[in-house]
Amino acid sequence: MFREKIVNRQLFFFLFMQRTTIVISFLPALTSGRALQDAWISGLLAFFSSAVIIFVVGRLAVAFPGKSIIQYSQELLGSIPGKLLPLFYLFLFLYMTATDIRLYAEVLKTGFLPETPIVVIMGIMMLTAVIVVYAGLEPLGRCADIIFPVFLLMILGSLLFPLPQADFRNLQPVLYGGWSPVLVGAITPTVISAQYTNMAMLVPSVQEPQKSLGAALWSILFGSLVLALFAALAVSVLGPDEGARAAFPVFKMIKSIRVSEFLERIEPLVIFAWGLGLFITNSVNLYSGSRGLSQLLGLKDNRPLLLPMAVIAVTFAIQKYRDYFELKQFFEPETCAPVIFFIIFFPMIILWGAYLLRRPGNRNRR
Amino acid sequence: MDYRDISQREEDFKKAPLVADLERNLRTIMEITGNSYDLSIKKCQIGPEKVPAAVIFIDGMIEKFAIENLLQALKLETFKTGIDGINKKEIFATLLNSLLTEISREADDIQTLYEGVSQGETALLFDGTAKAILCETRGWSLRTIVEPENESAIRAPREGFVESVRVNTSLIRRRIRSPNLWIENLYVGSLTRTEVAFAYIKGLAGEEFLEELRSRLKRIDIDGILESGVVEEFIRDAPFSLFPTVFRTERPDRVASAILEGRVAIFTNGTPFVLVVPADLLMMLQAPDDYFEIFPIGLFLRILRFISFLLSFFLPGIYVALLNFHPELVPITLLLRIQAAREGVPFPVVAEVLLMEATFEILREAGVRLPRAVGAAITIVGALILGDAAIRAGIVSPGVVIIVAFTAIASFTSPVFSLALTARLIRFGMIFLGALIGLLGIQFGLLVLIVHLVSMRSFGYPYMAPFGPLIWQDMKDAVIRGFWWKQTYRPRLLGFREPLRQRPGQMPRPPRKSNYSDKNGGKDE
Amino acid sequence: MKISNPLVPIIAIIILISLTLSLSGCWDRREPDVLGFITMAAFDIKPDSGLFRVIVQVANPLGEEGGQQEGGGGGGKKPPFWVVEATGHTIYEAIKNLEVLSSRKLVWTHNEAVLFSEELSRKGIRRVLDFLDREREPRPTARPFVVQGDVRRLLEADFPLEETGATAVSKQLFSIRLERSVLPDVESLRILFHHLAAPGLELILPRIAVLEQEGKDREKSGRINPARISGAAVFRGDRLVGFLDDRETSGYLWLKGDVSRATLVLKCPGSEEELLTVEVFESDAKLEPKIEGDRVRFKASIRAESSIQEFACRDLPLEEEFINSLNRRMAIVIRNEIAMSLEKARELEADVFGLGNIIYRTRPRDWKRLEEKWEEIFPAVMVDIEVEAVIRRYGLVLEPIKIR
């Protein structure tokens, strides 16, 4: 059977765009926790904690080349528990998709299309994801190739345009509240690194899996830098309190600036960057989810699953969060951290345990 | 009465053998061709033995001069060798070996004989021989080689293809003189038997790809091919796509450059349009001027074209989306002008844009169909008078006319006309999407477009290369056109068999010693 | 080898096209001709009833040039804008009450200036600000002003050089900031919000004084510009407590290091009745706190570079000694301006200079201690002013013309 392959560059693009999209959407370090003007430090700290997640998820994927978590967990744990454990991850993919599109739909609804039903906005975004995953992983990788430069330009634009109006004195004083708010501020960005669980499904399709871990680490490094830069910039432009108060700080920042008398109203820059990034995020999540489910059910093709899964994701997005406040509340460190960490680490601890126990046995056999 | 249908007749034609009896052969031929008036059959007797023979050719497809030469040679040869009394059996072999005309070959059956004759060859039949000699005598009037009208360029060769395959291949051969330029040919079309040839550089074009192309061409089973567009539809990938997956051009320089990259050119007899595969979107946006003008100008032209290409897809859709959904993104002064100009216009913005777009489409189509002299007049009448009257009557607003006209002009910057056609259709889709849900709709359209483009392949070659998949090395000739001396490598996926195209490091530098140095100038004083 | 199905996107597009046709009037789609764009908005409060009053200036496309030049409906050109007002218990209610009075849906997206009347400002602008911050339509780039005088008069006024008041006010603000340093640096709602939230910093806003136009008739009255934009309104919290005049505003800007163009009139050295003018084109300020317990002292070092713009002193050679004395005189003038504004701020008990903010930023530990009592400490804060002013340019001629 012909296996679709992506390369590590595309994996990097996927992961970087996933990461950065969330940054643009609600700037986790600033709006969650109380780090205020020190949010950028939280952003940088999140790099280290996220690297742990990447290592835990990615290392196992690399150890079983060509096998997804569904497959190697069955190999490690046997058929039944090996099938049950990855359900956590499948649920996580659904959860992330729902949360991402809900966030996007919320900002479009509050910012641009107040009267359009939220279902329509989410439906359109899911439809694009279904179309590309239907086309396959390879086209998805190529989409990332094409979108990434545009995305990067938009990110750079939204970083550069506000610069003349930024007052970096707003970043002072550093560590006014001590380290604890900064550390708390790093939790949510780390939780969002749950996106890196996608590696468990993607790495098997990468051409040189041993380098995937590096690609993922680079993506989190750049992603954290972007997060830190945006956090610093939003604070410099809006002021720490205004920035932390805003529902969507980057959007608000870009809306607030006037580059010159004729160059203002440049928020499409951010919204389009977000839209493009979300497209990649959603598609990757949908791919991982559908691929995983099809492997779990023993289906050859993941395509018949796409449309039902998209419908489920949209429904879930509406059902899970009653309003934007609840969505926002979910991202508070104390709410989301235990749930997500459990989902990520519980299966991983068992799998790692099984893996480490089995390895010496392998050696003896040799 | 002969009630055999065409397929039966073709079948019989293919089976008809040549026999040793001249009269029978001629009868068969007359029966098959219906004694068509352009088929000349001249009987004569050759040599001292007076062997009955016949000369068969099609009037208007042969060079008169060649025929005369041939007959001259016939007499000479037979008498030269035939003094000893050449018999019926030997005459064939003797003549076949000694005729002076450029090509002479054997034909064993009526089919081969007729196919030769129908291409302008002259057939010689002798009594007592079940074979015919086919002599190359073709020659007919052709359109001269002129600059292609639909693909003009400022700085580029002025030659364009004509309707004959042989002339067209020769135009390429003149440009690429390596023996490794291989040209294969085949005949397609059960009735037209059109000559289709494809040229490539052996050792550079991928062998699997060539095999695929051969099999696709051979698979074509059709009664007639009148233009390369028919071949195109039979061999192209993604047949439902609006985008051309086969590149077509009338310019030998473009074909030559494509062949040098490892692509294949397909020539079809009877049309000046040559197909190039595998095609990608990028090559549709490259014009000859980019390459022959100096680097900065080529760069500028290329970027200009990319921008107008994007505009021609999205501009009207964005206009509708902005005015209907996001007026907050338009600067106030501009917005108020547009709003003021729209006061009293009876249609919604979408209807207005669609109306104008449709009008422009009709105008363009009329401009193409009408005789050239009238065409220009129609365009002027349509564009100027109609547009102006519509604005004056308050039916459409000037803003829409500007947008639609500008988009139309932008779409014409594409060097490949078929891409401009694509842009027209997709533009309508974008207008609908923009009117449906604003910029979100445009974004949706853009994403679907990207997905569609990246999932397309032309003979296995990714359509969006080098953008998706991203090939950094090929970016030297993508959005920007790099210096010629920097184009060290062939496109990576096409020229994989031998990536290096030229010696690296050929940047021109000033000479170490120069006769024109200031010091020498100083010496003169 | 996987072949993607090209029908999928095509089907999707067909579905969408049919949706467009069936849902012709869908959701957020608005034709531009049903919208009225607000260009300037004023907020006021009725002193008797306490109701909020919202006055907006709406751009009138029919009055714009280019609309219906030929055969347009009878009568003369309509005025380029229209002013409408409504009242309500809350700002939002008042704004929605406007809709009843307008033929078009009023849109805030292009609002360029936000005017607060003096009465409202004295009562507090918090509720107005929340509307401006929360709603999606008003943009944080709008310029805030405090208006002294009749707000409605200002909105209705005819500016001699501009079509609408909004463009006039924006342009005037721009040119004043370029030519004279008599306006505080709060140029957009964004900065306003930030100043309100920042610790140890009180809000200060540009002031517009409405000049009475003679007669109510627009045609005749159009000869004077109805707005004088200069000076500053000082807030404590969200309430207006007083105004700074032009020179005090200048002093404020000196301390902020934000003077870009200040005109200083000096007496000629040697002859007391003759005057000369210098213009400062660059300035810089450094404020350093010295904290001993609850006693806070600031050391302010101001540096100003200027050029001579007008120098008609009789019989004065351009010598080094003379230049030095000019520099000293300039320094004194600048110091006086600063002292005046400091005095005023102390009087109003409003730390518009952000002295507390400087402590917060540079000495966070001290600020934690001082924050609670900053309001009491501020009037007692001493500022040592050190001004270094130099003349750098002299124009195209050096010495004045010698009349013999």
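For reference, chains read A, B and C in written order, and residue numbers begin at 1 within each chain.
Convention: contacts are C-beta pairs under 8 Å (C-beta built on N, C-alpha and C of every residue); 3 or more make two chains touch, one makes a residue touch a chain.
Just so you know, these numbers come straight off a predicted model, no measurement behind them.
Which of line, ring, star, complete and other names the graph you get from chains that touch?
The chain contacts form a complete graph, every chain touching every other.
Among the chains here, which has the CA centroid at the largest distance from chain A's centroid?
B
When you average C-alpha coordinates per chain, which one falls nearest the overall C-alpha average? Tell me, please.
A
Please tell me the distance, in whole Å, between the geometric centres of chain A and chain C computed from their C-alpha atoms.
41
Need the CA-centroid distance for the pair chain A / chain B, whole Å please.
From the centre of chain A to the centre of chain B is 47 Å.
Could you work out how far the Cα centre of chain B sits from that of chain C, in whole Å?
65
Where in chain B do residues touch two or more other chains at once?
Where chain B meets two or more other chains at a single residue, that happens at 325, 328, 437-438, 441, 444, 448, 451, 455.
Residues of chain C that touch two or more other chains: which are they?
Touching at least two other chains: 1, 4, 9, 12, 26-28, 139.
Hunt down the residues of chain A that sit against at least two other chains at once, touch-wise.
Residues 112-113, 116, 120, 127, 131, 135-136, 138-139, 264-265 of chain A each touch two or more of the other chains.
Which chain A residues qualify as touching chain C in the complex?
Listed in rising order, the residues of chain A that touch chain C are 2, 4, 110-117, 120, 127, 131, 134-136, 138-139, 165, 169-170, 172-173, 176, 237-242, 245, 252, 255-258, 261, 264-265.
Mind listing the chain A positions that touch chain B in their complex?
Touch residues, chain A against chain B: 7, 9-10, 108, 112-113, 116, 120-121, 124, 127-128, 131-132, 135-136, 138-139, 141-148, 262, 264-265, 267-268, 271-272, 275-276, 279.
In their shared complex, at which residues does chain C touch chain B?
For this pair, the touching residues of chain C are 1, 4, 6-7, 9-10, 12-13, 16-17, 19-20, 23, 26-33, 35, 37, 39, 59, 61-62, 64-68, 70, 72, 107, 109-110, 112, 137, 139.
Quick check: in the complex, which residue numbers of chain B touch chain C?
By the definition above, chain B touches chain C via 238-241, 323-325, 327-328, 332, 335-345, 348-350, 392, 394, 429, 432-433, 435-438, 441, 444-445, 448-449, 451-452, 455-456, 460.
Spell out the part of chain B that touches chain A in their complex, as residue ranges.
Interface residues on chain B, with respect to chain A: 325-326, 328-331, 437-441, 443-444, 447-448, 450-451, 454-455, 462, 464, 467-470.
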